[in-house]
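Shared between the two complexes below is subunit A, which has subunit B as its partner in the first and subunit C in the second.
Take a look at the complex of A and B:
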């Protein structure tokens, strides 16, 4: 089932003449992870804000085209978005990590036992149960990032939007979050993630959308991350880049496993 | 003290300045100021008393420059009461408890959040200011020395402090929206503070006391 659909969407931030998104069409179905890749300023973050119903509703600006998200009429929590700076996403109204994760579910007016169930599950999935009694203000950037992701997951969103969710994490933490995104999609949710972690994306995502200057420059399966054009633009995976630089024949492998298979 | 219901703490913090302005000067203001400073002292010298005195001090200087001693004392004591009451309530009332109490009392979560955010703004600004001082020091700015160099440093600190706070407001608004702080849904109170009968009676007593003092003064 298509969860999110953008049809010919253009978006202008307030008091700007040039659109941040121009004629973007995109669909994300339940059960899949779609990566948005591109250079800084390509429009990936803006696309997430539009998909999350924050632009133009909260940010202002002008939207043309059509954005539809199936099944979100039942509550604000059905679309969850993780923004790139975890410290600005803290509620400021929680003295423990448990309370911080429960902030969203409580705002949705859920019964207490349901809140407890969702919070415990989210803490467990993000592997931060030992932090439950800590003051969020004392956490490291990586710990905070995971707390914020847990806070969004605890709201049980049907569509999960993530903007650079691994930016603050060490390699092990980043792998855990990617595994989580994959598992979340396999539970039937739709996941749209803007990322510059192309090597990890190549292992996890189902589809890739390449944005340039607010427009879709290309879309396809994860093998797009090993396409010659993307490698030339500096947006290919490390393995594909090395393969290309070595002058080996296309198509390039996107991941180490694929490269090993090709050599074998 | 911090075990008291948030509404009781707010009632005391509101009643003291009200009485300081209503009761005859200088005795009324002096009495209220002593109580307010005493309460601030219970929060600790560093968290309560010292910040209260530091907040009130500039007002005394300005008043002395503008008025005679008697007027300065009258208004100064009232302003000291206001400053000490605010500092005390910020020190002893955690914003999350206030939100829980307001939501349990039927207020919307958005209103409760806005109200509580004013209490949490002071420590947040302080922490941000300290980070900016460290940042500017790395760039060679010295916030110490004579008055002129301190004023120069203040200018270099104030602008980024205000601009970064304004920038963060946008991001925080987005984040709160994504975390369900939307109109039309009643937030579930997770751990509402207990509101004892004695405290409710005390709050009504404070309100009636202020009203009676006002009537007595007008009459």
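Take a look at the complex of A and C:
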């Protein structure tokens, strides 16, 4: 089922003349991970704010077009958004990681044992159970980023929106988050993730939407990340870029596994 | 010539929790060094010691011939330019120009010298066209570049950067790489904390790896990033180019994209035969 749909959406931030999004249409279905890629300023973060009902509702600005979640404007089911700046997303109300992750579920008014179940599961899935008793204020950037993702996940959203969720993570942490996004989608959630980690995206996501100057410049399967046009724009995977720079024939492999297969 | 930076048996603890244990290393002028390791390995703590925000519990940190223990952070700024992990949040002036010029002005330099340094730093990062913009009208990635410009404008002997490429796209990362290459060629030593091993491989030469507060490695990135078996226990993974070189058994195991492409083309041509 289509979980999130944007139809001809344009968006202007307050007091700006140029739209941050211009005539954007896209859909994300339950069960799939869709990556938003593009250069800095292309509109991926704005698109997530619009999809998460934060813009214009909270941030102001003006929206044209239609944004629907499960077919309704107000949206059926919870949307969870992970912002690119984890420290701004802390509740400030919790003195342990466990309480921080429980903050969202507690505010949904769930029974205690359901909160406990969701929190324990989220900590486990982000591989941060050992941090449960730590004060969130003492965590490193990468640890904090995983705590925030856990807190969103613990609210059991049906639509998960993530803005550069691995930017501050070490390789092991980044892999854990990507695995999680994939697994959580396969459980039936819809996942939309803005990322500049094109190599990881090529391994994990189902579809790719390429934004340029607030518009959709291309969309397709993850093999789009090896397309000549995306490589030329500096948005192809590392493997595809090396293949192309070596002067080898297209189509280029997107991932290491594809390269090995091609090389024989 | 004294090293640009020297850590001499440095230890530091947050209360009872040790963060750094007996760490020693030195950077010569012009050295390009990546500081690597897991989240929580002690990298940011080491940065705070080098920039004078923390004092070593034991041992000493020297910047050129200054013991950091004897200098306040603002005095150290004459020699150490630093950009913190969340640098996009640390700008405060009304225009990018004012922000970047804050450091040089605080050093008490003549206005003409301040202007020269700021113009040069902005030009190096292709930010000259944005000099009159309000920093918070720009995307966070540009604010991060502006913070780097502010560090460059100090014209320090040592640049200490914490995750300078996080949140930057490839084009902006290339700007950072170019700026750092320029300055290190002039003798500025670089100490760069990063999880972006692609950026490290392309831009830097040597890797220091911290593992639970101890210095586990100090060696050329070329050998370190090709050693899969040693990377995993340190919480590191070979960057994509190194992984590709290894998987295709490319001679010399290149870790930079241009080198890998060159080698790949050569091997492919030899396979086709005459």
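What we mean here is this: the second predicted complex is superposed on the first by the 257 of 264 C-alpha atoms of A that agree within 3 Å, B and C clash if a C-alpha of one lies under 4 Å from a C-alpha of the other, contacts with A are read in each partner's own complex, and residues count from 1 in each chain.
To be clear about the criterion, contacts are C-beta pairs under 8 Å (C-beta built on N, C-alpha and C of every residue); 3 or more make two chains touch, one makes a residue touch a chain.
Predicted, not measured: the structure shown is a model, and the values here were computed from it.
Colleague: Return first, second, both or neither, reflecting whether A:85 touches subunit B, subunit C, both chains, or no partner chain.
Modeller: both
Colleague: Name the contact category of A:248: first (subunit B only), second (subunit C only), both, or neither.
Modeller: Only subunit C; A:248 stays clear of subunit B.
Colleague: Can A:41 be said to touch subunit B (first), subunit C (second), both, or neither?
Modeller: second
Colleague: Go through the superposed model and pick first if A:172 touches only subunit B, second if only subunit C, both, or neither.
Modeller: second
Colleague: Per the contact definition in the header, classify A:115: touching subunit B only (first), subunit C only (second), both, or neither.
Modeller: first
Colleague: One more residue to check, A:2. First (subunit B), second (subunit C), both or neither?
Modeller: Neither subunit B nor subunit C is touched by A:2.
Colleague: Applying the document's definition of touch, where does A:58 land relative to subunit B and subunit C: first, second, both, or neither?
Modeller: first
Colleague: Name the contact category of A:234: first (subunit B only), second (subunit C only), both, or neither.
Modeller: It touches subunit C, and subunit B stays clear.
Colleague: Tell me which partner A:261 touches in the superposition: subunit B (first), subunit C (second), both or neither.
Modeller: Touch partners of A:261: none, neither subunit B nor subunit C.
Colleague: So which positions on subunit A get touched by both subunit B and subunit C?
Modeller: 85
Colleague: List the residues on subunit B that touch subunit A in their complex, please.
Modeller: Interface residues on the subunit B side: 94-96, 99, 109, 113, 116-117, 120, 124, 168, 170-182, 185-190.
Colleague: Over in the complex, which subunit A residues touch subunit C? Could you list them?
Modeller: It comes out as residues 38-41, 45, 84-85, 87, 138, 140-143, 164, 167-175, 196, 199, 234-235, 237-239, 241-243, 245-248, 256, 259-260, 263.
Colleague: In the complex of these two chains, what residues of subunit C are touching subunit A?
Modeller: Of all residues in subunit C, those touching subunit A are 14, 37-40, 44, 85-86, 89, 139-142, 163, 166-172, 195, 197-198, 235-237, 239-241, 243-244, 247-248, 257-258, 260-262, 264-265, 268.
Colleague: Across the complex, what residues on subunit A touch subunit B?
Modeller: Where subunit A meets subunit B, its residues are 49, 52, 54, 58-59, 75-77, 79-81, 83, 85, 88-95, 99, 102-112, 115, 151-152, 155.
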